[in-house]
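Both complexes below contain subunit A, partnered by subunit B and then by subunit C.
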Partner chain A sequence: MDAGARLRAVKRLTWLVGAIVLWGVAIFLKLISLQLIHHKKYLAMARQQQEMKVELPAARGNIYDRNGQPLAMSLPVDSVSVNPRRVPNLSIASEVLASILNIDREELAGRLQNAVELKKGFLWVKRKIRPAESERLKSLHLDWIDFHPESSRTYPAGPVASHVLGMLYVEEDEERGAAGIEKALDSELRGHAGTERLLTDVHRRGLDSQISLAAQAGKSITLTIDEAIQFTAEKYLRLAVESNHASTGSIVAMNPNSGEVYAMANYPTYDPNLPPSKNEPPGARLNLGASVPFEPGSVFKVVTLSAALETTNIRPDTIINCGSGAMNFFGRVVHEAKHGYGSISMADVLAHSSNIGAIQIGLKVGEKNLLDYVHRFGFGSKSGVPLPAEASGRVRKLERWTKTSIASVAMGQEISTTTLQLARACSVIANGGLLVKPRLVLKDGDIAQQYEQPVRVIRPETAITMRQMMEGVVIKPFGTGFHLPRISGYSFGGKTGSAQIYDVASHHYTHLYNASFMGFAPVNNPSIVVVVTVNGSKGFGAPVAGPAFSAVMAEALRVMDVPKDLPETIDPKSDDQKMLLAKAATRADADNAADAVMGDESSPQPNILEEEDTVPSMATAAAVTIPVAQVIIPKKPEGSQAPNFRGKTMRAVMEEATELGLRIMVAGSGVARQQVPPPGSILQPGEAIRVQFAR
Partner chain B sequence: MATLATFFRRTDWIAAGEQTTSREQMNHYQLRALPNDDVYFYSKRIDNSRIIRQADPQAKTQCWSAIGAACLLAVLVGSVAVPSVGARLAGYKVETLKQERQALLDERKKLEVEEAALLSPARLDALAKQHNLSGAAAGQVIHLDSTTDSALAFNVKSPRE
Partner chain C sequence: MALRLRTDWILFTTIIAMVFFGGLMIYSASSVMAELKFGSSYYFVFRQVFWVVTAVSIMMLIKRTHYRTLQHPGFAFAAIGLVLISLLAVYLIDGQQHRWIRLGFVGVQPSELAKPALVVFLAYFLALRSRAINNKHTLIPAAMAVGLVTVGVVVADLGTAVVLMATAATVFFVAGLEWRYCLIALVIAMLGVVYAVASKPYRLARVVGYLDPQFTIVQHFDPQGRVKEYLKKSLVTKDTSYQGDQSKIAVGAGGVTGQGLMQGRQKLLYLPEAHTDFIYAVVSEEFGLLGSVGVLLAFGVILWRGIRATILIPDDFGRYLALGVTTVLVVQGFMNMSVVLGMMPTKGIPLPMISFGGSSLLSTLTSLGLLLNVSEHAG
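The block that comes next holds the complex of A and B.
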């Protein structure tokens, strides 16, 4: 090789090496750019390509009844969105989506077109689609359709306990409680959604995942509600309201010792699975039992008499002068419903539900003491149950009382309470004088809720005396609750009430009543308290609210396995038959009452007279003589018919049997509770009547 | 060295083919000349048939060492690559199982809701009515006597005893 060729070769090699070095430098610089300068940018781009950010939904906590039966659950569902910019053909896309998701094609096409024009990159197509719809859409493998995991609230028992559970609404793509426990315990029930980074391959198949933010599922809540008792309460409340042509009603069943609410039923009701609609009755979503106060009427006499036992020397056998049926009190006239009772014992004042007797007792108690005991029984303040719209009721301050207020309050007027407050007050009598806090939540997550120590508000002996007097209401033949359906195997006590409903527009009391019954069973060791209120009824407490009380109490006693305290009698009639009989009785009583009301209406004065277990409204008119309604007294059994010994002492039973020449066999002590054969039965010659006594 | 220019001037080289052939025929050891360069190559025939390869006692060891080293390298590469591939495959499996688990949990939730709906008191009450069943009374006891239906067990003493 000559020198020229060698030089050319060396030059070529030099250029080649230079090019290679430059190439290397360029690669090195590019690497610096990629790895250092634009590291974050390319990392983000790589992640966008290789990683998917997956939202980990936090399921809302379930709500269970006390036996673990689910009342509210959340199910995972998908929501569908599209990126309008990536949709290849709007017409075909809207056609496909509309046919699968059962939505209007034109409307969807319009929304898509609008989104494209506005250059939007996101459009919800349909939220919370059904699983079948989701599967069909996913099978299309269209990359412009996005699925978002969400949850849908389901209430498997439908309307059962709907007012306690409440409902949800969606705010900022998140479910929030709108009422009931769903609202009150929203923070506990609502979880916190998390995120996960999912590394995918070219086919978008998951390779690896890393949790960025762990999802926290909402806590499950276990309520004190028993689904079976709740259902029975709702069933019989509906029957009671509809059969009496009333407007609304509520029932509360609770344990008087622990304050656990077993049932809180309201009518009208609603299905929380369905959104609110115009066809719903007004107030269907209101928890009347806890949120809507009303004048309690005669059931409030229990408070008056308890205060009397505590603060005065009045005892159950103390004679109270109830007069001849009318009482002029500072210019206002108060009447008994049917006739005057004359001088009767305090126990009989409660059994008759004498208005004048209650006023006389209230006057002896005094305004200050009476108001004190009203507060002691928990009226005028919220019970503390975890419901968002609980009402405290209304109790006027002493300074705002008028001269006649003491008479009104003694009978349950000029005061407003909720059904829940009445149940709480009845629990004071039932548990021996302790004011318990009603509980709706048994467990918050896995943690049992603390039981708050109750407060003693009356002496135990007062509570026991009141129990006996309230039992007299249902076992004494003249008691206002005597005709209540019996609860086989259990003694029970209670108090009826029928408060006239005040019409705010006309400033007069109407002929519609808040018919109520509050009671407990068994008498000696009460385990259940039930309060029934039926609003807007033309009937009265015992016939309207009584059958529902008996049915709910019987179911609660059965479900809670409360030991019996009386010999069992099997009633061949089914519950529905009993209810029909009760309906018939209600109508008969309503007819009788209508006669009494007609007599009032013929008077030029506003009507202030009520049925004997009802509370009259106050009128400023002068005293007038109100014709006493005719009282139909059932004829005593004659000849060979078995008399009714129930509610009578052993001495009275023996005397009556001797007088009638009947042979009796007695067992137990106290008052007669059961007899075989039952009253009215035809007695065979020489047949003995077996009478069971119990305290 | 051949350049591209000379490479494309192959026509001249082909045209001179006869002369080359005649030259190769003249000298059997002369190889084909590089075009346009004054460089000539010759091959020399050497007969090595009588040469016997001398036995190398270390060659076998070296061979095995090379094989061992190759194997070790393969194992090392494998030990690095296999876990990675295994992890990738396991990742696929784990993600699939996760999805399956979630699907099963969702399915269980749906079944729980279905079960709760089937056990709802309203449905049971309707079914009971269909079958003419009545609600049980509290601690209901069936009193057995001679008038009771014979289908029921008779738990009282028989008259003979």
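The block that comes next holds the complex of A and C.
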């Protein structure tokens, strides 16, 4: 190679090397751009496609009764998902999943297809499957099926307190409270879902996971409800409604001093473990006692008389002229239930439940004062109990009162209230004149709920006087409540009510009544208030609502260990006989009452009726105790055998029952000691097993 | 020849370090995929170890053999002839890709072996005719040989063909090819590339995906969408820019210091060919800017040592051998990096010394064996 050629070669080589070095510099600059300048952007893009956020559901808090009995629990169940991009054959997969999980094959196939097209890596197949389904699916060992532990809501006590508890519905894969405490305290119970960051490959296979936010379990709620009292209330309410061929009913039992509601029962009822069905009676899921107001009738005379004691010079022995049994008031004729009472004391007006007497007293009080006391007793406004659908009832403003309104209001018409409001009003008398706020929640998580200072609405003397007069209702031989079953060892007082049901459509009062009884015990230092309302009965307050009142009151006094204030008497009759007697009494009385009804159905004016004192078959057994009975479920030789739960823990029992698809009702705590029906007996389809736990 | 030769330790160390680093990166990039596909996370690593042992042995053998032994028509023509025959054979045997000859459990890519063969042939030929480069008796046979090999390679492997053409062009350019011939060669080469690209839908798809991912320009002069339809025939990439995007995400996510060895996530099947053509993306993701610049600098070392040998070696054969080898390796390395960084449309070429692949490693280390030997004599 000559020198010239060599020089040229070196020159060209230099150019070439220069070009390659330039290329290298370009690569370097590009690296700087990607890895230094735009690093964050690319890192975000990388994480976005590589990571999948999976929600970790929080366990819903339990709901307990005041003694720690579980009323609502969340039990572990499996939910099934698939990674659609890993499903080998969509039609076979949907066939298999649909047949095991009992879901629609077509619908599932459609969802799978859709997910594959959208390149989704995750699809819920079915949430909260049954343990048996889970077991079958797991036995197939298909690696594209994923199981996720979740929890399922169970109400171990079955229908007990169902209206207070409410129920859940599922929205966007999330359980939400639909009614009752489940709804009112949903945010407390629900907790906070956590998130898990799942590292995935391009086919959305999870390779590694990292919990970025731990799920926070919901708080548990302890109610003021006592399961035993609640159970008794539901049992006797059912008896009262069914034996009187009434349509609905409700019972509220509460502590008049603290406002704690011990029982809130409604009929018809439902099992919150089951989804709403068409077979349920209409309104089975309504908390009638708090949400559906009605005209209270004579029980309201307590308010009229309290107002009179406070605002007029009428005293219990002041004589009121009740005339001859009928009264013309601005063209409206008001009748007594049966006959005129002549001139009687104010105390006897209450005992007889004289309509004319109540009107006379109401007129003395005056419209303004009467309305004031209606409000003071808490009517026309919500009690503030934590239930989502509480009704405030209706109290007309003074401007809208007609000339005859004062007469109506004095005897509990032209006004509507709920059973809960009546219990609250009765508590004013029972606790010495304070308006308490009813409470359903004892503890929210571990924190005891604040007790609100009650407001004084009437003088203590008035309350004490009213108590004595209300005791008269049940101890005076002519008192409307005289034939109420006695409660062994306790004095009690109360007021009956039998409001004719006003048919809005035809503007007439019908021959059906809202039969009610509100009362307290013991008289001198009342610890319990119970209000029973039975709607649509043909019978009057005392015979229809009375037996249930006595039974629930007796149970509440026993459970709450209230000191006795009377010597105990021995009950010669069994509980069942007593109930039969009560039923017979009701029917006989209903017949009597029908005769007693005054023929003013044609009148568009409201009217009120009150029961008479003669309740024939209740005999003269002055004191009858009502022991609390256990539910004995009849055995029928069909269906599966009851397993042996004895010696097992509550959780084990719950899980076994869920697995076997059995409904159980639990009571007590500790290990299972007794069960009804006993092990090995044949269960009727849908029959529940009641298991008694003890330590 | 009593002169004691000194090994080019800088070059040698760089090569060995890169090969070992490559093995490590292949394990990192392939373990998850290998586990999923073949049931063993070491599937590719074991294979690579076999090839490393073989290829390093061959490299050491060549390093110890004087390069001028090869300056013989027998070697030059035998090499190019063997490559042409095997290219024909692979065209007939591998009916699909025309890329692989399977020998037992190993596959060989003749196109890879064409690189050292062509370099040896060109060095021999140019040394022989160094005084009459621009003579047609030199140019026509040389052009025919280069053309034959390139056509043989381009059927299966456009990337390698481009590397070969670039190498041939470089060597001729330095050897003193007149500008007009350079221009003619450039025009022919460009026409060839355009034809080669258009003949395979996946190639066109990659080029269009690089230049015009949203089809806005294509839409302009092809309103009927025939081109788009044609590109859809490509089974390799449904989304024409997918590979490039995934690769850029991996590199960008690496940052300055990287995610750490084995900590990269783009290799979880997001990156196509993570252990072969896109291994540089895995290096960048796991070792960050430090790692990616490190590999870039390693190729810089090869360039430096290669050009140094080219300048210092006294004979023409050694000069063109060193230049050819250096050009082949550095151009291929830079091209691979440019593809990974999205500076060029996707081509199926591996990163020399790092990527998984027996033929590639064999070819690369054979070439480097030659360069080491030339460098020893230059020193």
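Everything that follows uses one rule, which is that the second predicted complex is superposed on the first by the 476 of 695 C-alpha atoms of A that agree within 3 Å, B and C clash if a C-alpha of one lies under 4 Å from a C-alpha of the other, contacts with A are read in each partner's own complex, and residues count from 1 in each chain.
Keep this in mind: a residue touches a chain if its C-beta (ideal position, glycine included) is under 8 Å from a C-beta of that chain, and two chains touch if they have at least 3 such contacts.
Quantities reported herein were computed from a predicted structural model and do not represent experimental measurements.
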* Considering only the touch criterion stated at the top, classify A:L484 as touching first (subunit B), second (subunit C), both, or neither. => neither
* Asked: Which partner does A:A5 reach: the first (subunit B), the second (subunit C), both, or neither?
  -> both
* Check whether A:A554 is in contact with subunit B, with subunit C, with both or with neither, and answer first, second, both or neither. => first
* **Which superposed partner A:F231 touches (first subunit B, second subunit C, both, neither)** => first
* Touching A:P156, do we find subunit B (first), subunit C (second), both, or neither? -> first
* Asked: Between subunit B (first) and subunit C (second), which, if any, makes contact with A:A423: first, second, both or neither?
  -> neither
* To do: Figure out whether A:V334 sits in contact with subunit B (first) or subunit C (second), or with both, or with neither.
  => neither
* Go through the superposed model and pick first if A:L566 touches only subunit B, second if only subunit C, both, or neither. => neither
* Structure fact -> Overlap of subunit B and subunit C contacts on subunit A, residues 1, 5, 9, 199, 207
* Residues on subunit A engaged by subunit C in the complex (per definition of touch) -> 1, 5, 8-10, 12-13, 16-17, 20-21, 23-24, 26-28, 30-32, 34-36, 38-39, 41-43, 45-46, 49-50, 199-203, 207
* Asked: Which residues of subunit A touch subunit B in their complex?
  -> 1, 5, 9, 69-70, 73-76, 131, 154, 156-160, 198-199, 205-209, 227-228, 230-232, 235, 487-490, 554-555, 557-558, 561-562, 564, 568, 570-571, 574-575
* Name, in rising order, each residue of subunit C that touches subunit A in their complex. => 32, 130, 170, 173-176, 248-256, 265-266, 268-270, 284, 288-289, 292-293, 296, 299-300, 303, 307, 310-311, 316, 323, 330-331, 334, 337-338, 341-343
* Asked: Where on subunit B does subunit A make contact in their complex?
  -> 1, 88, 91-92, 94-96, 98-99, 106, 109-110, 112-113, 116-117, 119-122, 125, 134-141, 143
